[in-house]
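Working notes, structure below.
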Amino acid sequence: MRPLLSALALVVSGVMAGLVAAVAVKGAGSLTSDFLFTLPAGAGREGGILSVILSTLWLAAGALAFSLPLGVGTALYLVEYAPPGRIVGLIRSLTETLAGVPSILFGLFGFAVFVVRLGWGPSLLSGSATLAVMLLPTVIRTSEEAVAAVPQELREGAAALGAARWDAIRRIVLPQAAPGILTGALLALGRAVGETAAVLLTAGTDLALPRSPLDPGRPMAVHLYILAGEGLSDGRAYATALALVCGVLFVNIFAHLLLGGRRVR
Amino acid sequence: MMRGDTARAKLATRGLRVYYGGRAALRGVSLAVPDRSVTALIGPSGCGKSTFLRALNRMHDLRHDARVEGRILLDGRPIDRLPPEVLRRRIGMLFQRPNPFPMSIFQNVAFGPALLGVRGKELERIVCSALQRAALWNEVKGRLHQHAGGLSGGQQQRLCLARALAMEPEVLLLDEPCSALDPGATEEIERLIAELRCSMAIVLVTHSLEQARRLADRVAFFQDGRLVEEGPAAEVLERPQQQETRRFLARGDWHRTCRGNGGSQGE
Amino acid sequence: MDVRDRLARAALAALAAVASAGVLLIALAVTVEGWPALPHLFGAVWSPEDGKFGVLPLLAGSALVTLGSLTLAVPAGIGLGLFLADVASPRLAGVVRPALQGMAAVPSVVFGFLGLNLIVPWISRVFGGLGFSLLAGCLVLAFMVLPTIAAVSEDALRAVDPALREGAYALGATPGQVAWRLLLPAAKSGLTAAVVLALGRALGETMAVLMVLGNAAAVPRSPLDPARTLTGNIALEMAYAAGRHREALFASGALLLLLNLAVTQAARLAAGGRAAR
Amino acid sequence: MRAYTRQTVLILSLLAALLAGCGRSSVGLRIAGSTSLQPLAEMLAEGYQAAGGARVSAQGVGSTAGLQALRTGVADLATISRRLTPEEVREGFRAHVIAWDVLAIAVHPSNPVEGLTLAELRRLFSGEIRDWAELGSPAGRVHLISREAGSGSREAFRELVGPIHPLTAVQNSNGVIRLAIRNDPAAVGYLSLGVARAGGVKLVRVDGRLPGEPGYPLVRPLSLVTLGPPSGEARAFLMYALSPAGQRLVADEGLLPVR
């Protein structure tokens, strides 16, 4: 059995390494700082991906700006205030369910609600809001874990000094839980950067530099999708893929370092 | 004299050394275990008793960081000539904590024979006889197909004993088999050990001097990974030759320190 | 209670209510938009140009690509989990595990891109045909869910009491027998959870399969035929859709949500079984 | 406590400012429509801005969706890669042809087929001809590949040639169709000439004419659509598209200029 499993591990790792190497080798040639820091031209066939990177960052930042307060607030409520029992169970099962919803459905939802109903059109705002809903479960779960991990003695210590519950939360629990919350935010960020289906219908595909939240923008993952579809400039597509993978891995590795080896999923 | 012992011994080690990572846990132990008798290993926490015991059926193979040097002979032949599975079928083992598999009582006892391809009536016969030898038959015969987790601690340990006996082992290794049991269950297990002694070689790691006194034919005293003294139980326990042994036997608190060890040496 | 405390409590409760309303909102939005087309979904032909919105071929596509990918990924994933939990030295596991975690983080569009550029031409070369096929979708998806299955299986297998392993080895079981007869049965509920989790991911995946599947809206008759999934269909046609077509896409989204909820529920039951152990 | 309140106020006001900033998009002209026209629309948008025009946003969402966007006021101009239906004309849509796109029929370079009649093409894509042997090529099942429902290319093909068999593989971009045909000796598909010319595929004569030659039957108009007569920024953009500079971009994209 050992040789069999080792062979399996070898094959899987080999194929993975091969795929990564394919992206790295074919993309590395075109992935220059020029490519990263110039605006695209000729409908993406020339120039770089600066506006694409910026759109992606704006989208991700916007998504976090929406989902962090909501998510951390929910986590605090669940851990600190909610009476144990049915309400906690309900909130938790709803958010867990949300975690399992396919991303294309977030796209449909965002399209129906933000793009059409609210009239935001395909824009960074619509995309961010859609992503925010998608990221909520991650943010809630990691924040909840971080808040729950704060030792009970600290809360009791604060209470013994006459602090109100909210003071204890604000001055002790939140600062203590901050690294864990940050890790969750980073994991969410990684997902937001790599997401395609949810933003395909909501963020637009415009290559120009967005100047307002209501401008459409083309996220990097969508850019890769479109370049792949055109099948015209393989070097650029591979370079975009490489940049995307590096970005996402960087965020994830950073999150794991911050977490200090604890497992997350 | 040592030579002669080794030749007649069921199981014998020569210059046995075990390292965990870079740390030496056993520093050259030569010991002979005679057939049809109980050899008790005693000594303070972390002294290498469990490490020694686990070397005998090559449990150290399971750890990536453990390294074993020296020779171990079963019936005078080096055990590393045998595949570990074959060796372990001949040498049964009982652990500190009862570890019944998460399946039915029957399946637990049948686990070993089933590995060898035994099926049907023959398997039932083996399971029944093993449960009888472990004095568990009367308590479980009506619920052989219930989950083993429902048994009490003492019953679970006897189930594990039955599981080992189903393989008809020639040697039985017992690693503090009563440390997790209450006095009643302990008594039951001790009674079984005393019965089994007539048919196989038994090596018993124990933290209880009383238990060694009650059960052992021979006693080996370990300290700091070395075998300090070894001989007939009465001699070692009553008239120890070595200073360390005397000090150890005299110390009142050794009971407690050994209890606290919790298997940390071996696992 | 302090006034600010009460305020905080009310505010946080409001946030929690908004956050947990998300899934209800999605269900509501998708269902409302798709409601009028619901009766039109029960057909065997999806051909919007002819006003036919039968989701059968799409359901078949989703089911086949999901099952196909799991057939590949479940044995390999559990095998990898077993390798990490039971066979690999800590150092080797320390290399393989982060690699798998990294793989899990790679965006799905990158998998689709690689599938389009490497796997599709390979299939076309080896088996003939367009290369865009059920097989390509299954392969790409298998790679995507493999890390999830491996990681969850590893956890489940590691959760098996090491004393049981030792007990089985002490009875003379070979590593293969220990894995097959003890570890896998003992970790069954955890492994089931891994499979169901992967099932949910595979069922919901959109971009990667869209890019390699060939997207013919017909029930494939061989692994080399193209197929279209519920998810891919939405991504493919949503942008163009108007009227009944658009409603039908939303309704198919509602159907997808329903399927997914069923899977999630199953996952929770499986995981619950493990917690109870 | 006070510092904290100040912080909160600061954050809230920042959020408010952000939301206020959302009030108006910086885009002066919004174009939505055909994906086939998308590259050209983006090139025209770039050129238009460079020539001093307003900021233009171009979204490739498909011809029909483009019209819907125009109808609901989400877009100021739509692009379509087919003709308007009579109902759409009655609704007040006006199509202004800015270029002609040629739909090329492409096969694998190893396929000996040189030319097809329109009738053969119709029978091929409707699934009537299933084996290449019927067309004089080495035997082998025909692998059809097509664009997705709603795409202007597909609608133009259906209009110019005929229905498309439901078992046809579907890809939603010209590039992937070219890639698929390049990989498969038994494949046949249709795509924009500009993309087809990127190589790797063989172009087939239809009714004896190569794509791009006069009289080639599979030609479709690419148009900018307005609701009612063009005005304002939309009119200026239309003028630019029809100007020599705009038509040069049309030719650069592998399309046929209208002037």
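By written order: A, B, C and D. Residues from 1 in each chain.
Methods note: contacts are C-beta pairs under 8 Å (C-beta built on N, C-alpha and C of every residue); 3 or more make two chains touch, one makes a residue touch a chain.
It should be emphasised that the depicted structure is a prediction, and the values quoted were computed from it without experimental measurement.
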item	value
Topological distance between subunit A and subunit B, in contact steps	2
With subunit C removed from consideration, the chain sets that still hold together: A, D | B
item	value
Of all other chains, the one whose Cα centre sits farthest from subunit B	D
Chain closest to the assembly centre - both centres taken as Cα means	C
Distance from subunit D to subunit B - Cα centre to Cα centre, in angstrom	79
Whole-Å separation of chain centres (CA-atom averages), subunit C against subunit D	33
Computed distance of Cα centres, subunit C from subunit B, in Å	48
Two or more partner chains touched - positions in subunit A	228
Sites on subunit B at which at least two other chains make contact	none
Subunit C: positions in contact with at least two other chains	116, 174, 211, 239
Those chain pairs that satisfy the touch definition	A-C, A-D, B-C, C-D
Complex contact set, residues of subunit C against subunit D	45-49, 116, 120-121, 124-125, 128-132, 211, 214-218, 225-226, 228, 236-237, 239-242, 245
Footprint of subunit B on subunit C - complex, ascending	89-90, 161-174, 177, 181-182, 185-186, 277
Complex contact set, residues of subunit A against subunit D	41-45, 65, 121-123, 125, 170, 204-208, 211-216, 226, 228-232
Of all residues in subunit C, those that touch subunit A in their complex	1-2, 4-5, 7-9, 11-13, 15-16, 18-26, 29-30, 33, 76, 79-80, 82-83, 87-88, 96, 99, 101-103, 105-110, 112-114, 116-118, 143, 146, 151-152, 155, 174-176, 179-180, 200, 203-207, 211, 231, 234-235, 238-239, 249-250, 253, 256-257, 260-261, 263-264, 267-268
Parts of subunit B lying in touch with subunit C, wherever the complex brings them together	57, 59, 62, 64-65, 84-90, 92-93, 95, 97, 99, 101-103, 111-112, 114-115, 160, 163-164, 167, 173, 267
